[in-house]
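In the two assemblies presented below, chain A is common to both, partnered first by chain B and then by chain C.
Moving on to the complex of A and B:
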């Protein structure tokens, strides 16, 4: 197992280098002069020779190869660079925002698990009955609804006394405040819960008629024990796969959720960075996201082995 | 087990509901003001954006300040100043006993650290540097004797800037500059901080009415009233929380639920409804921004056809766009090239909406019914809030027989593209920070600096003459002559002038911004009427 983990970790290096190269090329190819974005209105006010001086200071006058070489050297030294605009190191930007994004992702994941899995189990148990139909229609809507629209509805009906009931604050982040976390988590977790409900239902139905379930029932085990220990546990592999993949989706979905709910996470940093061509921030956050995704995939693979003793990585 | 977990979760939720927001603790009155985007930093030497300025103007002070609504100069760190008859020498008498903020974030400020002339000289010298990424404000001191030598590193001090004693500054200019006081933005910062400014851009220290408390990036910046502020009774509140709200819809919902005390932006398409809903809380003043469609004036079709430019200007129905379709978001530009609060003479010759005249002008230009005019392309940027002016202009030109296509680019690409030869017609705008016409005219019409590349030597001469004319009436005449020449050349279709509109809660008093935007209001003056608070 440890050899497998080491091998997978070593694979991360060339994967990240490949991703970084592609991202660097894309960032380089972005149209327009980054200085225009960096200087804003000042670009029009400053004399051209001053603008050119700043370009030289920032190394933006160098060729693609030189800039690529400089950036790779910097990355290999563990330095993600400094934002053109925020007067902050990219590593500090990530270190401040990532825990907040993680909080939101965790909230979304909890919502997804708490709603999605029980709904899927119930739907499978009540196959073709009205509960199954209702849950699947709701989950279909949940999968289809765009996050921004859901967020607006949630804000309108759950924060405004004029249109609904003002249960939660409209937006904002306070350290350690659970109340600020509930609504964005609900919104972010809705799509995941709908997906999980559908996957759980089909996985549960697949194992429902298996011999070991019949055997368990013949042994006289309680239905609850059969459901949880035998049926659900054996249905977990596809569920874990979906969760692993959807964590990446949660990271992406958090961009919209963070904007609407004033949540100071990574998404709130990367969107303005793209708008203002803040290349070090764009590259730093995207490469960090890619690294995260690779690690989550690795963990997902390891969890398979924990759930199913038949899976071994030798 | 499940029941216990649920109880714990439920209790957690209830407990969190009972958490009192910081803004309401100890009965302190904290203004909650929306801001977008989150300020990039709080370094006064490199600040160029409105977001930074919104916060910084409460933390830092200069020698003088400009009253936002009137533009009048008021004493700030300088109690008074004398100007020599030739306009070359300025002596500033500094206020005594002004203390820097003791925020606990700067280890060498422990107790009373007084602002003195050396601190100002230190900041002034820091702003003049060869390294252009250190200071973005060459305009502050560029007319001072010795500026160039110091900047080039050929002198250790700026020879025209001296501090005869702790409370006096003596500044000599190389030539008279009537904007010197207005643009003198050097802040009062402890010299120790100035010399290590990179370490303090996120924990600033100044002398302003509010001092820094906390910055949660992309969330909020909290300031507290400066307990040592020299102006008696100011500030009128205990603090300000600048809350970063990137989405106008969210800001509206927060304002409605009492999470914000001000609303400074309106969600697109909801302006009318919002003003109806909060009619008693809505305030509005004319702004200093002008929107226009620019013609490329140094090459291409429009450069060669002045009558076509004039025809287009007469064809555009600004009134329909801004009063009807855009629910009064801006004033239709029916007066001239300058926003009304800055216009020296509102009777400038105009291009009012007159389709018949527009058709006549096209015929005179040799394009009857638009025949012979190539398809034109208007370049715009995607975030422009002028959406509804575009189909109207398109239809107005179609009625003249002209086909107009619209090309949309993201704002960064757009600004870069503007300088290219293929862009002949574009949407643009200009916001002035000052009430002085030079802040519009010098940047847009002097030496072809605008993206239209409009350059008229007579206009240039007049604008230069106005810069050295100290008599306001004589200056107004010069500016009017320049504006008449510009209007005759018609490098723009002027579309609209901005309105500064906002909502404020009924208990807010003395919030008085200027035409530059709501951010120009002096927050130290704002007070709250407790009887109006629920």
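Moving on to the complex of A and C:
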């Protein structure tokens, strides 16, 4: 097991370095002088030699290779740099905002699990019956619905009395307020619950014909016990894998959801940072997102190996 | 069906080969037709394509020219889906929007599948360090948060149709590459490839003439599902104001613009979003149906 973990960890290193490189090249190509972002209005009024001095100080005059080296060294020391505009370290911005995004992602994940897994189990139980067909058509629609539109519909019909009922607040975040979380979580979790329903269904069907299910039934176990303890438990592996892969989706979806619902998380920090050309913030959040995705997938792989010994030796 | 197999007549092989070929195709169509969801998908895709191609013929009004006297009109006999804040007919704008969405969807997915198939075939065929390097690069692009990458990309290269389909192509290929690689890995061990090799066929020849045609089925499925994904991503980008720029009619941009009028004009946001969903659904249904029809083993289960 430890050999497997070690090998898997070593595999992650080149991926991480590759991500840092791709993102650095992107940031390097960002148009417009970052100095303009830093200095704002002052930029035009300052004498050229002062501007030149600041450039020198920020290391913007160095060559591509030198800047790449500096940047890699800085990141590997765990320093994500400082925002050009906000007087804050990027790591502080992430530390402050990520918990909000995490709340939202957790909300979306809970919605996905609560709707997706039961729907998939029911569809598998009723294979080829009308309940199965209806659930699968709904899930195909659920995969296809643009979440920004869903958010708009929710705001249109559930937050105001003009066209619907004012059940929920239109947008915003309040510490510990569940009611503010409901609509954003539902919106973010929709695509995920549809995907999970489909994966759960096929995983359950895959397991259905296995010998141990027949054995369990033959020894007279109750159908419900077979369903939960034997069938669902063994169907969990592909479900966990999909959840791992969809964490990246939840992170991307949070950009849209946070923008619409005015949610003060990471996603909502990205769009203004891009408008202001605040490169360190953009880069920092992208790096953080990519790392998060890789770590989650590493964890799913390890869980996978823990459940299924075959993988370790492959 | 109940043909006795014990006949040893010499002409059997010459008959079996051609019939088997056509029967594969017929079997595919039979499976596809029986799948009502797949057929619905095909119909949706055809309808949307017709709207895109003939937008200028079907549209009752100009999609860009403002018409201030008809601002924010609800759906009526004159404007079947209502009008926007500049008095432009929503139905006409949606028709023209289909052009943008379809063109970006198809070209971007073309870029993605082009990169994915080339890279995946190379990795699968050569194996060894080439495979390792390529697959690590694939991992990198797989892990970068797609939407954020897109947002950064359009700030570097001005948001226009070309930069958008390039960017969408660039982040969508890893899945295609992985699938192509696994296909090639399986095919390269088959007898007909060994036979072609021993007959002295060159590597490109084997890859294009023998491996590619046999790996194509799952790639078609991925392409259909991929177009759905790309159309959705373009809509999200446009919704964030970073995609197709006004006044070009784009579905995502229209939903974004409608948010200002959310308390006065429900139709403005509802219809563009609905058409995005229906289009994406069409390609998803089609891809799903193709998968069932092209994978007989799965289908027979």
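Throughout what follows, the second predicted complex is superposed on the first by the 261 of 314 C-alpha atoms of A that agree within 3 Å, B and C clash if a C-alpha of one lies under 4 Å from a C-alpha of the other, contacts with A are read in each partner's own complex, and residues count from 1 in each chain.
Rule of thumb we're sticking to: contacts are C-beta pairs under 8 Å (C-beta built on N, C-alpha and C of every residue); 3 or more make two chains touch, one makes a residue touch a chain.
Quantities reported herein were computed from a predicted structural model and do not represent experimental measurements.
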| item | value |
| --- | --- |
| Touched partner set for A:259, first chain B, second chain C, both or neither | both |
| First (chain B), second (chain C), both or neither touched by A:5 | neither |
| Partner chain(s) touched by A:156 [first = chain B, second = chain C, both, neither] | both |
| Touching partner for A:165 - first (chain B), second (chain C), both, neither | neither |
| Chain B versus chain C as contact partner of A:179, first or second or both or neither | first |
| Which of chain B and chain C A:86 touches, first, second, both or neither | first |
| Partner chain(s) touched by A:50 [first = chain B, second = chain C, both, neither] | first |
| Partner chain in contact with A:25 - chain B first, chain C second, else both or neither | neither |
| A:97 touches, of chain B and chain C: first, second, both or neither? | first |
| Set of chain A residues, in rising order, touched by both chain B and chain C | 31, 152, 155-156, 160, 162, 259, 277 |
| Residue ranges of chain B in contact with chain A within the complex | 12-13, 15-17, 19, 21-22, 37-38, 40-41, 43, 46, 48-49, 131-133, 136, 138-139, 198, 201-202, 216-220, 243-247, 249-250, 253-254, 256-257, 259, 409-413, 415-417, 431, 443, 449 |
| Complex interface listing, chain A residues touching chain B | 31-34, 36-37, 39-46, 50, 53-54, 57-58, 85-88, 93, 96-97, 152, 155-156, 159-162, 166, 169-175, 177-179, 182, 259-265, 268-269, 272, 275-277 |
| Chain C-touching residues of chain A, taken from the complex the two chains share | 14-15, 18-19, 22-23, 26-27, 29-31, 136-137, 140-141, 143-146, 148-150, 152-153, 155-156, 160, 162-163, 205, 248, 251-253, 255-256, 259, 270-271, 274, 277, 282, 285-286, 289-290, 293-294, 297 |
| Interface residues, chain C side, partner chain A - complex | 37, 136-137, 139-141, 143-149, 151-153, 155-156, 228, 232, 235-236, 239-240, 252, 255-256, 258-259, 262-264, 266, 269-270, 272-274, 276-277, 280-281, 284-285, 288, 301 |
